[in-house]
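Per-chain residue numbering starts at 1, and chain names A, B, C and D are given in the order in which the chains are listed.
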Amino acid sequence: MNKPAHHESRPHVLPLRTYLLVAFALLVLTVVTVAVSFVPLGGANALVAVGIASLKAALVALFFMHLLYDKKINLIIFLVALSFLTVFIALTMFDTLTRGGFDIITRDPIDPDAVIYRDTISAPPDTTTD
Amino acid sequence: MDTTFERSYLKTPKGLASWLFTLDHKRIGLLYLFGIMGAFLIGGVFALLVRLELFGPDKTLMDADTYNQFFTLHGAIMIFMFIIPSIPATLGNFLLPQMIGARDVAFPRLNLLSWYVYIFGSVFAVYSIAAGGVDTGWTFYTPYSTESTGAVISMTLGIFILGFSSIFTGLNFIVTIHKMRLPGLTWYKLPLFVWGLYATAIIQVLATPVLGITLLLLIMERTFGIGIFDPAMGGDPVLYQHFFWFYSHPAVYIMILPGMGIISELIAVFSHRRIFGYKAIAYSSLAIAFVSFLVWGHHMFTSGQSELAATIFSFLTFLVGIPSGIKVFNWLATLYKGKITLDTPMLYALSFLFLFTIGGLTGVFLGALAVDVHLHDTYFVVAHFHYVMMGGTVMAFLGGLHYWWSKMWGRHYSERWAKITCALIFIGFNVTFFSQFFLGAKGMPRRYYNYLDQFQPLHAFSSVGSLILGAGFVVMAVYLIFSIFKGRRAGTNPWGAMTLEWTNPTPPPPENFTEPPRLEYGPYDYDRVAVERTDT
Amino acid sequence: MDTAGTIFLPPGSSTLAGDVDALFYFLVYASIAVFGIVVFALVFFIIRYRHRRTEKLATTQGPSHSLRLELLWSIIPTILVIIVFVWGFRVFIRMHVVPKDAMEIKVTGQKWFWSFDYPEGIATVNELVVPVGKPVKLLMSSSDVIHSFFVPHFRIKMDVLPNRYTVTWFEAIRPGNYDLFCAEFCGDGHSDMIGKVRVVSEREFAEWLETGTAGGEDLPPEQYGASLFVGRACHTCHSVEGQRMIGPALNGIFGKEHALASGERVIADENYLRESILEPQAKIVAGYEPVMPTYQGLLNDRQIDALIAYLKSLE
Amino acid sequence: MTADHAHDRPGPLAHHFTELEQQSDSVKMGMWIFLLTEILLFGGLFVAYTVFRAWNEEMFINAHKFLDIYLGTINTIVLISSSATVALAIRAVQIGDRRKAVILLTATLALAVVFLVVKYFEYSHKFHLGQLPGKYYTFTGVEGSNPHIFFGIYFATTGLHGLHVLGGIIVLGWMLFRTARGDFSPEYHTPLEAAGLYWHLVDMIWIYLFPLLYLIG
């Protein structure tokens, strides 16, 4: 693999216009995401924010960081990083979001403030069990 | 008389400074060798002290706090300062460029920096012994590690720094393998040791940063109480375990994959036989590297993670066993119709096959959910991971060290003493650790300073084994050091091997190859070309 | 199911033990079989294809790969491990689904003893008394670091976490005394955090509940105190023979003056001893760590008096 | 093997490479692997954020209102602009315009400093209110349990990011010096490209931190 590509003795220079357009798009997206955050959309706010952030990150990676034009191996490295981060988040959440499935605990929580406790109690802390 | 010696990397240039500022991957490999041998000595002494204390119940030598510090230091030093850098940073550094016909690794300065970072991190880690010791176990579980009064911060900082050294080595190797290969040396013509190093390096760069952030968060937890891991501040100790094992499980494969690479070389050379199933062995390394990231939760089946997560992790754990099994069977098949010579490196390779199979099979016990509940945190686990780490990685490392010893130093060790030592280590190891499978299944929990009388005979047996093991390593140190100065002069290719590093002079010149290496045959073409042993 | 002890496992004494042991032994025999094949092939090939160094090396001919063989030794282990996974999973689920009629006991792990609270208002330390043949649900939490509740004879183990409840259950099938270990490293007293599970008949259990924590109240105070000193796990950290352990030795301390970590000095009278049992962090003896947990709720006044009487009697 | 070729080897080519292109590709690939480790380093913090947000969404939403969205937006624009200037600086070197490259790199450095100054004001305001991480947290205005965890994560992520900006200033300063000295040419400017990649990654991480912390909390 990686046959030496002799014809590329000079770097691939992107036109100035591309950089300016990308920078402009990034600024516009920033304004959009801030504006949307003031609109109450419930859970969708988080999705929109992360979606726009990903779009911006993709623009930076593909154009500013030249991944679109560079050797494919570098793009692969970048995608590997993202996929293993996804694995980390996903497998951890498989635990943290599904705790207490079998054990219904009817006692009051030990520390009502402890956020980790929320999913393992059946009743909210303020109701008394009889 | 010996112009090869005078022109070799060992003698040109001369002087201490030329070693301390060397950019030569071979010298850096040797610097690492001295570093990890120092770590192995310290870690080994702690191991022997721990085993002596456990000879009988109650107090034998030391009090509980000292014992807790000793097993913590044994674990932390052996893992972070010895076994993780052991094969890649010493043999890998020394051999990788030679095996792919390159003059050096891609980033020689980064390579030297990684050694200094290693020493710097080790100094922090060893300093923590003086600064009150650490008694948390090498896993630093919260909230014990946030409450402990020991020198947890200096130890974790040391390990954080050691992580950079590991990352630099991995980064260097990946780029080297991609970009520095001799023209014409395609991926499928690479020696399997290079594939092993490649898979290892991938894990090093992917997993080590997570260890870094875990330890940083632990330090912040101790200094600021930020409340992510400490239940007293509203955090979750089980989340710490997720973070920790996301690194530390793949780290197990950082340790074993390069060992498997060495075994592939040894089995092929000493059977004088084309390796069986080259592609299967190569790809299984990558498969192990990938799946190793999906299984960390099997360290946590009784930790309070959800049943769903435990089930997923258990299933994925079994997947990682399959490529390991494939490797073992392929090695066995390589012996078939070979010409097997039982030189010392081969004895270590065969020991590896024997011990690693036991380690792997007992791993299946621990992957099975219900059985793990009984065996978790007992001596069964201790025995299992020593069979994999010591019976696997250390045996492979010793095999590789003996195999390439003449390449490194230009001299042979005493074959007779080497065989006696190999037998001592093999016997000592099995006496020490096989007994621990029984201890664990009987219910003896690990990290116990004191224990009930019913466990005493097996503990005493295990302790005796550890002394045999220790004696083996002392003898090895003596004959190896002796050989550097007085050993018989070695020839270019004493084993009749086909990989590129045996085509250059022994010991190699600083630039590795005096003339551009030629690819006349592949690394395992024993069925096409008759290579003779050349030894003086 | 009743399984006798073997060279591997201690006798199985809970309803779950049989299930776990069956899988365990399946794994033992399967492993021996696989290991046997590997070692046989290894030894056979070494003997059959042994080559002396004096002979000349020539080329060797042998298969470089074989798709059929490689598939064989990929697929057979895959099937085996899938069987093991499903089997292990099914037993694991049984371990985690508590029977509806289980009696609930609250377990607290702390450095370095176990305490058990019964719904009837009885509290014990390091001794869990349960009736035979009745499922017992353990609702567990820790008051300091992570511990792990491990009874080898019952094949159960579950971590005990601070600030959170975890659950495990068992049903003992034979009366007897069984070891209870802490399996998660928790500090200097980790290996002494050992208790007993005492399985008694239904009738004995009912009697035991009646008389409270196994009697002793009719003994003279010094003797009662001596039994409490062991029964409440004081001896895990305090010697009565003068050695320094995790805590200071307690013989001959009564009536004497002691230096505190705060620099003050204090006379060890009844009030001081009482306070040290109920509020251990209030006054720390110089040279020791403030690690002792409170015994508030674990000892009644009579028991505290008995303990003080015992300490007074020590030389 | 090397001595007889010495005369036709370009200056910046290190002894162990055979040609400049191999060297440049290696450095860039090495840099990308380094960026991969950075992504996973920050990744741990993103995991902590996601896990705790899922556990306690209300507290996160309440707590994030105490971050200054205007300063955050300004900093985002500052960092994006600095990313653009560094990309343009590399382009200037590629077309041989050294003067423009120096100006653009100086602008990048200035923007990076602005970012840190804004961050400094944000931090000191929070210190003043007692919105400190962990056990030093004394602020009482946030509803929900354990708001100190949100601020713990806020300080951990932005603090680590701030350290990376600081590191970027040092690296870019060195690159500015080397550009001004004339080390780089259209044929050889690999170190500058690598430094640029690093700076873009620092920008990219902020692109995520900004909405997660300031906008949705």
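In this section, a residue touches a chain if its C-beta (ideal position, glycine included) is under 8 Å from a C-beta of that chain, and two chains touch if they have at least 3 such contacts.
Worth saying up front: this structure is predicted, and the values here are computed from it rather than measured.
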| item | value |
| --- | --- |
| Required minimum of steps from chain A to chain D, each step between chains that touch | 1 |
| Maximum inter-chain contact count - chain pair | B-C |
| Inter-centroid spacing, chain C versus chain A (mean Cα positions, whole Å) | 42 |
| Separation of mean Cα positions, chain C and chain B [Å, integer] | 33 |
| Between chain C and chain D, centroid-to-centroid distance (C-alpha), Å | 49 |
| Euclidean distance of C-alpha centroids - chain A vs chain B, Å | 35 |
| Interface hub residues of chain C, defined as touching at least two other chains | 96, 163-164, 166 |
| In chain B, residues with contacts to at least two other chains | 178-179, 206, 210, 231, 234-236, 238-239, 242, 304, 307 |
| Where chain A touches two or more other chains at once, by residue number | 2, 73, 80-81, 84, 88, 92, 96-97, 102, 111, 113-116 |
| For the chain A and chain D complex, residues of the former touching the latter | 2, 4-6, 8-11, 13-14, 16, 19-20, 22-23, 26-27, 30, 33-34, 37, 45-46, 49-50, 52-53, 56-57, 60-61, 63-65, 70-71, 73-74, 77-78, 80-82, 84-85, 88-89, 92-93, 96-97, 112-116, 118-119 |
| Residues on chain A engaged by chain B in the complex (per definition of touch) | 1-2, 73, 80-81, 84, 87-88, 91-92, 94-102, 111, 113-116 |
| Chain A contact footprint on chain B (complex, rising order) | 178-179, 186-187, 206, 210, 231, 234-236, 238-239, 242, 246, 293-294, 296-297, 304-309, 312-313 |
| Chain B contact footprint on chain C (complex, rising order) | 7-10, 19-20, 23-24, 27, 31, 34-35, 38-39, 41-42, 45-46, 49-53, 55-66, 69-70, 73-74, 77-78, 81-82, 84-85, 87-96, 144-146, 148, 150, 152-153, 155-159, 161-164, 166, 179, 181-192, 194, 246, 289 |
| Parts of chain B lying in touch with chain D, wherever the complex brings them together | 102-108, 110, 167, 170-172, 174-175, 178-180, 205-210, 212-214, 216-217, 220-221, 224-228, 233-236, 239, 242-243, 511, 513-516 |
